[in-house]
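Let me give you the structure first, and then I'll get to my questions.
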Amino acid sequence: MTILWIFFEVAGTIAFAISGALVGISRRMDIFGILVLALSTAIGGGIIRDVLVGNIPPNSFKSPLYIALTALTTLIIFIIYRQKLLNYRSKQKIRKYYLVADTLGLASFTVTGTTIGFSTYPQYPLLSITLGLVTAIGGGIIRDILAQRIPSVLQEEIYALPAILGACVYLLIANFNLFLAVPISFLAVFIIRIIGIYYRLNLPKVN
Amino acid sequence: MTILWIFFEVAGTIAFAISGALVGISRRMDIFGILVLALSTAIGGGIIRDVLVGNIPPNSFKSPLYIALTALTTLIIFIIYRQKLLNYRSKQKIRKYYLVADTLGLASFTVTGTTIGFSTYPQYPLLSITLGLVTAIGGGIIRDILAQRIPSVLQEEIYALPAILGACVYLLIANFNLFLAVPISFLAVFIIRIIGIYYRLNLPKVN
Amino acid sequence: MTILWIFFEVAGTIAFAISGALVGISRRMDIFGILVLALSTAIGGGIIRDVLVGNIPPNSFKSPLYIALTALTTLIIFIIYRQKLLNYRSKQKIRKYYLVADTLGLASFTVTGTTIGFSTYPQYPLLSITLGLVTAIGGGIIRDILAQRIPSVLQEEIYALPAILGACVYLLIANFNLFLAVPISFLAVFIIRIIGIYYRLNLPKVN
């Protein structure tokens, strides 16, 4: 179980780092800017989460794993794009794996955030849901702010909804069985998101 | 007094939530994005304030009142705009009430922030003034950053000045009489802001 | 030594405040907006640093020196630009002094941030480097976000690199000799940045 979990978090971190790096490249940033966007996306949400519950210093600085993983991912993406190592067809093929990794990240980050909230302040369910959501989507929002675009999660696709519902599922189950809460809420986020992608679902807008 | 205070905070929260929701709608966000902008505006300033003084977790997560109120306000605004329930004339009529509620929010949030600063660290007056200001205008700044526009409070109208002056009034009086400080600084913010609106005052610019 | 250090920090604060105020003026902000941008640039990075290590309330609020210095700088810049007291030639002449003061700020803020990290959590070197970097460039990033432009540090010039390298130099030396670490890392940041300006160096981009 623990090894599976680390795999999920690593896959999520890599996917989030890729999404940040690609936005940085699209904004013609230099290698430092691309790294900052990758780091913001991959660890930014977790830092806000830790600040909100007083977990100081934030987890991302305690183990070099996630920062190193993000830096390595950034470097590889930078070389691939600078050397034009991928043609359009290869990018389309990779896209499917990217979406799966991103969804693993969405699910594992949601569960991590909700777990930290529930184990620290079980009496405040809205805090736990917020922490799950912030861990999952906070980094992407910082990425978009730094790149000067309206955060995509606020405008399109079913991206935040799976995280919110997954956090609710976690809290409902955790009161009865803490160990079942993790895998079931993880699956809830994953499945809802995949259904959203498959059917190209969007949340309602005013017009 | 306490009931009156809750009324002020509730009116302010609703007004701030409305302002966030309307900006979200104007940016063609989906219902989740609109909710995030309403929440940022209504509780964002208070969260920054609590993080700055180590009040962990922030107050907004301890009682469901303000988040629930903001969610409900967002839902009503969403339905009103989606169903086009208001014509131009009705919107103009409501505008006056909105401005009063917004000014009640500006005043009560300023006083709340300054009070928290003064009661926690009375030895740092600049901190108390900053907390009053951040509680009052921080949420609106986050709203504008998320909506990709220069924060309106930095460019036009007398909006921050009443908060700064009100916080100073609070500190001046609080050293003599803590109970008088609240209503007098509240009135100071309210009156200065209303005068600013009435005479369409602006702060000086370079040209 | 201590007096020299205060001189560096004061020079840096003034330079950072000027850069914030000028961006505010260029965005046609009012005097309050200009002040907020000056304050964000001068003390914003230090506030994030203090929040990340639980140094509550942040240092900037404990002594009125830096806020007062920033406010005074803002006022002088505002008057100079409103009264058009400087012609193009004078501005060009002053630019050289500005760059030196800005580089003093970059160097002293980097060293201050790294020192706080190393003295609080010596076991987390990535945290110390991040704190050095955030103290030095965090304020400029907030300034650019508030002014609705992509943070310049992510796109051009050698600005963050000297801070990162300086923080690494600090950590390498601090393990042997804490007192040598400060001046040598300070010089490292200063010299690398000056070389970068002189040779108009840029970090690599994708194309």
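Going in written order, the chains are labelled A, B and C, and every chain counts its residues from 1.
Just so it is clear, a contact is a pair of C-beta atoms (placed from the backbone, for glycine too) under 8 Å apart; a residue touches a chain by one contact, two chains touch by 3 or more.
Each chain and its UniProt protein: A, B, C = Predicted membrane protein.
Because the structure is predicted, anything quoted here is derived from the model rather than measured.
Colleague: Subunit A (Predicted membrane protein) and subunit B (Predicted membrane protein) are the same sequence; what rotation (0 to 180°, nearest 5) superposes their CA atoms?
Modeller: Rotation angle between the two copies comes out at 120 degrees.
Colleague: Subunit B (Predicted membrane protein)-subunit C (Predicted membrane protein) contact: same residues or different, taking over half shared as same?
Modeller: different
Colleague: Please compute the C-alpha centroid of subunit B (Predicted membrane protein), do the same for subunit C (Predicted membrane protein), then give the distance between them in whole Å.
Modeller: Computed value for the inter-centroid distance: 30 Å.
Colleague: Where in subunit C (Predicted membrane protein) do residues touch at least two different other chains?
Modeller: In subunit C (Predicted membrane protein), 51, 54, 145, 148 touch at least two other chains.
Colleague: For a test of understanding, state which residues of subunit A (Predicted membrane protein) touch subunit B (Predicted membrane protein) in their complex under the given definition.
Modeller: 51-54, 121, 124, 126-127, 130, 141, 145, 148-151, 153-156, 160-161, 202-207
Colleague: Once bound in the complex, which stretches of subunit C (Predicted membrane protein) touch subunit B (Predicted membrane protein)?
Modeller: Per the touch definition, subunit C (Predicted membrane protein) meets subunit B (Predicted membrane protein) at residues 24-25, 27-33, 36-37, 47, 51, 54, 56-58, 61-62, 64, 67, 78, 81-82, 145-148.
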